[in-house]
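Heads up, there are several structures right after this.
Two complexes are shown next, each including chain A; its partner changes from chain B in the first to chain C in the second.
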Partner chain A sequence: MARIRLENLKKYYGRVKAVDDVSLDIQDNEFIVFLGPSGCGKTTTLRCIAGLESATDGKIYFDDRMINDYEPADRNIAMVFQFYALYPHLNVYRNISFPLKAEKMPAPDIKKKIKWVSELLRIESILERKISELPDGDKQKVALARAIVRTPEVLLLDEPLSALDEKFREQMRIEFLRIQRALNVTTVYVTHDQREAMTLADRIVVMKDGKIIEFGEPARLYETPHNLFTGYFIGSPGMNFFECIGKKDGTFGVKTGEVIHFSESQQKKLKELQIEKFIVGIRPEYLFFNENVDESANHYKVRVINTERIHEINFGNFYIGDILCKCFLTSEVVSGGFEGFVSCNDEKICFYNPESGHIL
Partner chain B sequence: MLKLQNIFKSFGDVNAVQDLSLEINEGEIFVLLGPTGAGKTTTLKITAGLIQPEEGNIFIDNNDVSEVPPAFRNISFVFESYNLFPIYNVYDNIAFALRSRLLQIDTDEIDKRVQSFSRDLHIESLLDRPTSTLSGGETQRVALARALVREARLNLFDEPLSNLDLKLREELRVEFKELHKKYKSTIFYVTHDHDSAVSIADRIGILYKGKLHQVGMPDDLIGNPNSIVVASLINYPAINVLDCTLVGRKLNINGKTTLVELTEAEVSSIEKNMKAKEFQIGLKPRSIFIGKKKDLINISGKVLHTEYQGYNKVINLDFMGLTVRLVTNQAVRLEDGSTIDVHFAKEDMLLFDRKNGARVL
Partner chain C sequence: MLTADYNKYARKEKMIKFLFLWPTLIILFFLIAYPFIMLIYYSFFNFSFLRPVNTRAVGFKNYTSILTDTYTWERFIFTFKYVVLAVSIQFLLGVFIAYFLQREFSGREAIFTIVLMPMMLCPIVVGLFWKYMFNTEWGVINYFVHNILGFNQVEWLGTEKNSLWATIIADTWMWTPFMILLSSAAFSSVPKYLYEAASIDRASGWFKFMNITLPLSAPILILALIFRLMDSMKQFDLVYTLTGGGPGDATQTISFTLYKTAFQYFYTGEGSAWAFILLIIIIGLSSILIKLLNYLSERNK
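Up next is the complex of A and B:
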């Protein structure tokens, strides 16, 4: 249990800015997920918190202690890696007890601790089994048990599910959440899988190119991403984005000239913002296809070129100008090539600045 | 086009592939889906001729190629770990197989094909780069180009997307499908990722512990699985599995609570095939709905936790000590610990024999 603060953290490898001025305040007991594509700096940031990398610049605090100069062993953290790093020839019990023996904990206490942690992770029945005999999901549970048996203040997890089969991953996500809630430990979890992030996190840190793009609760990041990248990266499929230009006659169109109809209230909002060029962001599932048009709603005339089924929901692909977009299809539709309109509600549209990518 | 007939292969005590027979049609994407260790890669390697089966035959275009060496089977192979030549640039990697003396393709034709596939895979700007300087996604595109450029009779893909970020994987899947529309090559693809399987496959085969359990179009497998193995591998989110016992016409949970009463006809159709009384109910999270509804099966449970996944929410319910998950896109906010009513239709309930996992209803 500790509050973690990063102050202008930087980590450079030569000219590469792996972590580029990251500041962050993580609350006590919070479950934080660092989310981003490969090379965004999420793992490097985690390794700086663990003390496995020394920061080029900036400060790391656990509560009020600045811990930059602490050795990893003195930080009271536990870390779980993608590859479990267990002792394959030892049984589960001895793997978990290893860090406790290293601390020279008396044997009865070790026993108590292992009873507690194995009940928490529901691995009582496999304590005598050898690591090499276990399925991958159980190995990762043992790795987690070994990490938390010392009751660390901070739990760090580096893509712990990436090496597992999809099937195990879904089960383990639920397990992780249950265990973290039961433990009350400040947790930082690194992943590129937005589904994991959405399911697990109290708050998500979206990273790209060594920088924090956005920091917030999953629902907020999904519904109203403050940055284009967040809208693209979170959600499957991601948000639709297309550029829109305000014309002299008060209408709006895309780059290639087609007209976008906005509702009256949206037009008023756009007038108040006083911008000529902006990017419209809208989630595919909030964009409905219909053969008929409701003139008062936001709408655009489209030709659906093909359909796609994602998680048992049908989506239609179509172009807005020259940008490929997706919309929700309510009925089972034919193989494509049909015309109609897509429309959406006001509150589901986000407007972005085309230069900065920030929400307007 | 490809036919595998009664293939057996074991490694020591492990039966990697057991009596596997399947046929792949010209121009289709056939996906073999199964967990780690199911025998997927072994099956691919046997098809390619990299592993010799103990029994069984392999036919390509009705010719028995079981004894034909890999190089003469006219098959391309993309491995999970890509295996590009790090010392060559992208162009030379893609052109490599075409330059084989076996093929005798002239340099202009090679160039034409390399350029054309590079354009389709959006790597034309990378052709001069050494492959060691590429990102994960770029490397994957080069590996795909190198395989497809050969225009082999059959293309084998071993988890080609599993090392990529989720987002990149989703994007490449769409491109892969588009590319296939253009070239209509025959593709044999193995993966453990149901999302990839469902989104790219024309047909899917479910492989588990070396045995092929079911083959069909994605929707067939989702709607009509023949066993609990298929149902639990193909569904996302995972299907709910509830142990139950048949007492008379009643399906009881936890030994006493009756969940549903079957009709005489249903009971007799079950009993015709087996004497078992122990079953498992399979219920898809998408088949369960919030609220009470007359004439449907109503249960209530305590909300354990809601997984927010954007448009969808996965609600975890405690139902008599069992965890039941359901998916909703309703704009509801459910407090953890509150009790809610949910319902489902009897037709959406799948029934499996608890012993051997076979579908009984």
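Up next is the complex of A and C:
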């Protein structure tokens, strides 16, 4: 129900640049996820949007209103905190009614609102319970109920699932999506869990060291990350990266000398780029192992040293030069090493500039 | 065989525990239990340690004569008046000042130290210098009232009503810092993220204070109240130096009356009865507050 625009947002703590020149345009009703390792500035950015931290520099807009100087109360936002931040001395009902009481809503209206929100979140049965008696999943539901009961313009969620165990998490992910679609509220969600980001987001903001690395739809970030860091951070296992050098005889190889055979079209593309050194990125899921080789396609001779099962998929570990890589194994797992070739679809390979880490 | 060994071991264990305990138990007995038992014992005699010869058991006469005397009730009423007024003023003032000392500002530490100083003084000294400050002719307070504000001189320690207030003022000056200290501790124990959640929930400063700060710091505040209540029910030293119980007997607290009975008139038996009555009152009041305290801490968990 509101667009959020960040213009060159900066937040410094002394010399530490927690948020370093972040600009971003979030559409109405969009579900945005800030993704990054801890300390990357994602939570600080969220807290700046919430008004819990004041920006060192830069502007924050809701629609066309600049809200830098607005108190959190005047921003019409709601927030769910990592550790719930529920009021321990109040029961569930009173926790949810707190924001309504704060704006002096008459009691019958409060009752109606709470009936609505508790049905939406299916927490009617625990309204009279004490907070300390609730399991963690319910606590987070109550925190979500308290946040949305006022129907805010912007919903902010700060790592809301990281304190929950895996079972609850999956349930709550679905719940968050359902609620967000039902309410049509612009949502900013902070997490360090890339799976959460992939399932929830309309668009993901990948952050590192206070800067935005990349901003885009989950599928695009997964398929063709525009930055090495995104490729590494999204997906589990992450992308394979290895450095490649163009040789004088027109072939390509790694530092230690092994030759990598690219397909005709790829070679043509690489020559057009006129670059000597580049980084090849390829997702393990797209790198297939075969015992025989198709000479026309790209291929590389490998010795799989061991196999590994990640999320019910078999991966083989092997070396390209001195870099450990993973490939997808179609066949059943064979213990010990075996030899063969890996190859992949041309479109799945990404080339990166080794200096900037950007896609070529 | 094995059980026999075990029993032997257990007996030895018990022995050692007992050996560690008894020195403390003996000391406690002579310092607390014995005097207390003697206190109850003497309260049933017309005993005076100046004239121990004619001592007779008098049953409950000490109690009945105390409790049926209108003079006693006047002392009780004065003490309760003083306790309720002084403690509630200190409490409100303490919470109010602590509320403003909550935020960070430069010199906060220094202000804290200065504010806490009266509490570190000896009550006898406090009583003495307030007595001089309250002096009608040349006291610094009347200097303000009369010479600067232009009102008539107030006979602070001369009338019944004024001397009650003089006592309350001196006591408040001395003990408000205690309330500030405990209130500050209570307020700062409220987690910061609750305030963040509340400000996002659009709560005003006052709403936050009433709905988060106060309920969550209530257990510590109640504890502070218990301390002050117990302490001021026993008020003696400040009154002794400030008003000497006067004018007349107007500012005699229960403790003061107890002191006079036991150590000026040397009615040891009756004095013991007084002490026992005072003890019962304090225990009664405290247990009500401790119940409240337990209820609040349970709720905040």
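Criterion: the second predicted complex is superposed on the first by the 359 of 360 C-alpha atoms of A that agree within 3 Å, B and C clash if a C-alpha of one lies under 4 Å from a C-alpha of the other, contacts with A are read in each partner's own complex, and residues count from 1 in each chain.
Going forward, a contact is a pair of C-beta atoms (placed from the backbone, for glycine too) under 8 Å apart; a residue touches a chain by one contact, two chains touch by 3 or more.
Every value quoted in this text rests on a predicted model; they were computed, and no experiment measured them.
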Report task. Identify whether chain B and chain C fit side by side or clash on chain A in the overlaid structures. Result -> fit
Query raised in the report: Between chain B (first) and chain C (second), which does A:Tyr222 come into contact with in this model arrangement: first, second, both, or neither?
Result: first
Report task. Have a look at where A:Tyr87 lands relative to chain B and chain C in the superposition and call it first, second, both or neither. Result -> second
Requested in this report: Decide which partner touches more residues of chain A, taking chain B and chain C as the two options.
Outcome: B
Requested in this report: Answer with first, second, both or neither: which of chain B and chain C does A:Phe98 touch in the superposed model?
Outcome: second
Query raised in the report: Hey, in the superposed model, what angle do you get at chain A between chain B and chain C, Cα centres, nearest 10 degrees?
Result: 70
Requested in this report: Give one of first, second, both or neither to describe whether A:Arg309 is in contact with chain B, with chain C, with both, or with none.
Outcome: first
Report task. Mind working out whether A:Leu52 is in touch with chain B, chain C, both or neither, as first, second, both or neither? Result -> second
Query raised in the report: Which value, in Å, gives the least CA distance between chain B and chain C in the superposed three-chain arrangement?
Result: 15
Query raised in the report: Same chain A residues contacting chain B and chain C, which ones?
Result: none
Report task. Under the touch definition given earlier, write down the residues of chain A that touch chain C in their complex. Result -> 50-52, 71-73, 77-79, 81, 83, 85-89, 98-99, 101-103, 132, 146, 150
Report summary line: Seen from chain C, its contact residues with chain A in the complex are 193-194, 196-204, 207, 211-212, 215-216, 299-301
Report summary line: Interface with chain B, chain A side, in the complex: residues 37-39, 136, 165-167, 170-171, 173-174, 177-178, 192-195, 198-199, 218-219, 222, 232-238, 283, 285, 308-313
Query raised in the report: Given the complex with chain A, which residues does chain B contribute to the contact?
Result: 35-36, 135-136, 165-168, 170, 174, 192-195, 198-199, 218, 222, 232-233, 236-238, 286, 305, 307-312, 314, 316, 329
